[in-house]
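Below is the structure I would like to discuss, written out as structure tokens.
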């Protein structure tokens, strides 16, 4: 827990640098759009994510001035992003390592639960049971 | 020793192979827990009696533990915990991979009752008959909400997810009657959703199964359900054939391999089909039921999409019956007793 | 240490309680101490309400069949017991009451970082509580506090208002968490480095990290279930390809760290009270401080052990199983340190110390059964049975409640300037510890026998243990009643406590009790860590 | 708030107060990221399950319009950065102007997004049981649009909140409240707006492009 109380901001985000970053972001947006036009299979996902991470780090580091503030502020962002990855990783790992028939869409036997919708739980006595 | 500990801990009898394995780990874990907590409690009390405050101005030394003592107190519990995990996880993986030769039973959970149907045998409400000393695999699905199939005497529990299949297996070791309970909250009468596993000697079970298949034992075990007509015909396959004839499937699908409007059903099961828009599909239960519900989704090459959808016209059990019937159409002669599919590969290898 | 009767101590003329006595001065206060006291009142009301529901549940279980409540009412009762106890008592109890009151005093600050936000947190809590009470009166949900889909999205009982109430309450927790993190980071007094922070502050810091990082996911889940229940978006609906197990992932991603929100502050309280009762420095300060952070971070990796039998993949079951084992070692370090603190100390048997003993036994026994339940193959038998119910009640009622009561008794003189009657304190402590054991040990055995959770009607073979458990719960209930009686009396008739009735070297005992509006006559300068008793032990009541 | 940066009584000095506000804001942004984390996890799972339906769904959405929306949001971010710069150099007029521009970009984004929603309402590509879109009938198609509406809907709510914050800041700037001594509030509003942009930077490729 790097200690970051009360120290002056060293360095500033000058308008010139922020304009440069703005143009860079626009360029990346157009680039990612063009990449998506022709289908590169699994590579298209990778490229799109790489460009998105690049744009996000530009915004976070300069527009949100993380570049100029050390310590706890960065840790807050890093932890939140790590938790996002943690949740996504284990959810997808679970889907992949599950018993195959427990995943949706391999078993369309299941009709829409019209019957379940109309279920009024407080049935007086269950069918046939004392 | 096992009996003594089992009674002390109020554990139900150990009626399955898995139960005995789990209970040995259970004893080790619970005894260590009791020892550890009593040791901590007694040490605290001993320290209190030994170091009680004698005078108001008593001075106490500044003490901090050496690093090795602290490290030891972390590593010793961690060692215990990881040992338990290793043993526990290997048992769990074994519980998750049913043996190859296990007998198949379809379980359907519905708000507040259990329904069991044997692939080539009878249906039963609330009572599951299994042979002793043979692994039984349960393919379970639910009609409405999440239930959980729990047999305390077998130490086996598995949630039943609606719309999907979850599987578990057990091998009962001694004949008897063991209670089934629902362990996942599923509504008003969650506590009344009980059933019974009746374990018979293998020869007893085979004779019961043969009776059922000949349709002689017409009276149903357990209470008949009111809102669902329990198929009286003993044989699911024959029932599937009856429905296929009623619904007019056989007008387009031949059963003896001859070409017809739709693909033939002979040897269709687990055959790799070439699809219209390229790509292939293995005709397993999933594909068979999907093509009944939504025929245009995957058309086999060389056939035109004329098949009407049966969504809403066929209830779940009827679709399952037709799927069984398709599976039974084999040019190779059908072996009565053993069910060979679906093919299980142990989870680890994939 | 029962304060010496003879000396009559002067009750300070000016303090935060008589700064302004109009109702308006209380409702619009920005003083963290008053907000803490108001939270205390709200939290105790929630405890009483949740406790009566618990008693109703226990009495229903006296006989297998319907005893005096119908199945639907029983299902609503255990849902409300869960919701009220988890969200309205356990989560806000120690952080919002004692955290609010003592964090600024312990770190030498006049107030928390965002006082207005602190008051907003109280009003958000009140609004959430009002909405949930309204939902309760209009039938209340019968889904259990876990709201598992698809039952929670297809039941016809009023689920939506309760979900909204909990969604709103989540903001109160987030805001408290943010407040404490910023206060501890930026407003520590001169000379107070991280390694001199009192251990209660460390525990609240770890809890705030969990509060801030876990509660948003709960907010999202409540929103998704509400939307699914009202409009049928099909995110968890199996008919449209939805996956009910995804709901469990998202829910337990919040709910497991939430149980650490409940236990971590209690551990912080015990670290303080053990050092004060034994009048000795904490045995290994650094280990306890870092283990609070350890629990806060590793607590996020273990949520899957609630879903071993839910249809989860074997890889996830293994990964969550191993990670759950690592969380246990941080509790082990703390227990070792507390027992070590008693070694060569000067212990006086006071009511807080009685709760410390109860806490130690219940935390070790509850924690170890937790590790046992996280052992994958054992969980198959125990999942959703009374064994799990007994385990988490050992941790929540046994450990977290004992921590809350220890804090209430230890800091009562500092918060209200008066002392309670020590004799009655010990009587109620013994009653509660005995009553607790009598209630929950039988439930461990019920779990072993295979008695499932949330059962309105149960097979007859479980009845004898249920009757024993119900008897124990009445004992527990009387124990609590006695506490509220003598504490309420002490508010008015207790003797003036003076600055330091326990002779403790915690930082909060530097200011007079009850403390003035801005906590200190002059801002303290910190030259040493907390609870350092070597050298001449300070004689209590030195004005 | 007096113009020259009022130090609240319980803070040591103005720098501590700014650092406290910044840390508090970042903790709040952490909660926003985790709020969307649940939806990203749901997206990841359902994409892994219904890959085919998600690719068809993404191809069906109007990527060109989305690219314009992204550019609009990034312009908004840039405007807020400039507003922060002007506030620091006590140019009240320019601060107010750039804040108004930023709020305008937010409104533009919402309008473009409204057009997309209207388009989907017309063709019936709606979530869950309302799904009646003939073109894509593969399994899980309604799931793609459920996630699309949930993610972009929640994001649009945050954009609306952001526009409200920027409008309030612009009104305060026009009253001359911000100067070299007291620009912290502009920075906080800017941080929130940048986060809204950050989340859209990830939503855009995941929903529209891949």
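In order of appearance the chains are A, B, C and D, and numbering begins at 1 in each one.
Basically, contacts are C-beta pairs under 8 Å (C-beta built on N, C-alpha and C of every residue); 3 or more make two chains touch, one makes a residue touch a chain.
Since the structure is predicted, the reported quantities are computational estimates derived from the model, not experimental observations.
Here C-D and A-C are compared, and the pair linked by more C-beta contacts is C-D. Taking each chain's centre as the mean of its CA atoms, B is the chain most distant from chain D.
Taking each chain's centre as the average of its CA atoms, chain C and chain D sit 36 Å apart. Note: centroid distance chain B to chain D, computed from Cα atoms, is 46 Å. Per-chain Cα centroids separate chain A from chain C by 32 Å.
Taking each chain's centre as the average of its CA atoms, chain A and chain D sit 14 Å apart. Counting only residues that touch two or more partner chains, chain B has 96, 144-145, 161-164, 166, 187-189, 192, 294, 347. Residue positions 12, 16, 19, 23, 27, 30-31, 34, 37-38, 41-42, 45, 49-50, 139-140 of chain D each touch two or more of the other chains. Of all residues in chain A, those that touch two or more other chains are 4-6, 72, 79-80, 83, 87, 91, 95-97, 99, 102-105, 108, 110-111, 113, 116, 119, 121-122.
Against chain A, in their complex, chain D makes its touches with residues 12-13, 15-16, 19, 22-23, 26-27, 29-31, 33-34, 36-38, 40-42, 44-45, 48-50, 63-64, 67, 70-71, 74-75, 77-78, 80-82, 85, 139-140, 187, 190-191, 194-195, 197-198, 201-202, 204-206, 208-210. Of all the residues in chain C, the ones that touch chain B in their complex are 1, 71-72, 75, 142-144, 148, 150-151, 154-155, 238-239, 244-245, 278-281, 283-285, 287, 308-311, 313-314, 317-318, 321-322, 325-326, 328-329, 332-333, 335-337, 339-340, 342-349, 353, 356-357, 360-361, 364-365, 368-369, 371-372, 375-378, 380-381, 383-385, 445-446, 448-450, 452-459, 465, 503, 532-537, 539-540. Listing the residues of chain A that touch chain B in their complex gives 97, 99, 101-104, 106-111, 113, 115-116, 119, 121-123, 126-129.
Those residues of chain D whose C-beta lies close enough to touch chain C in the complex are 9-12, 16, 19-20, 23-24, 27-28, 30-32, 34-35, 37-39, 41-42, 45-46, 49-50, 127-131, 139-140, 142-143, 146-147, 149-150.
In the complex of the two chains, the chain A residues touching chain D come out as 4-8, 13, 15, 18-19, 22, 25-26, 29-30, 32-33, 35-36, 44-45, 48-49, 51-52, 55-56, 59-60, 63-65, 69, 72-73, 76-77, 79-81, 83-84, 87-88, 91-92, 95-96, 103-105, 108.
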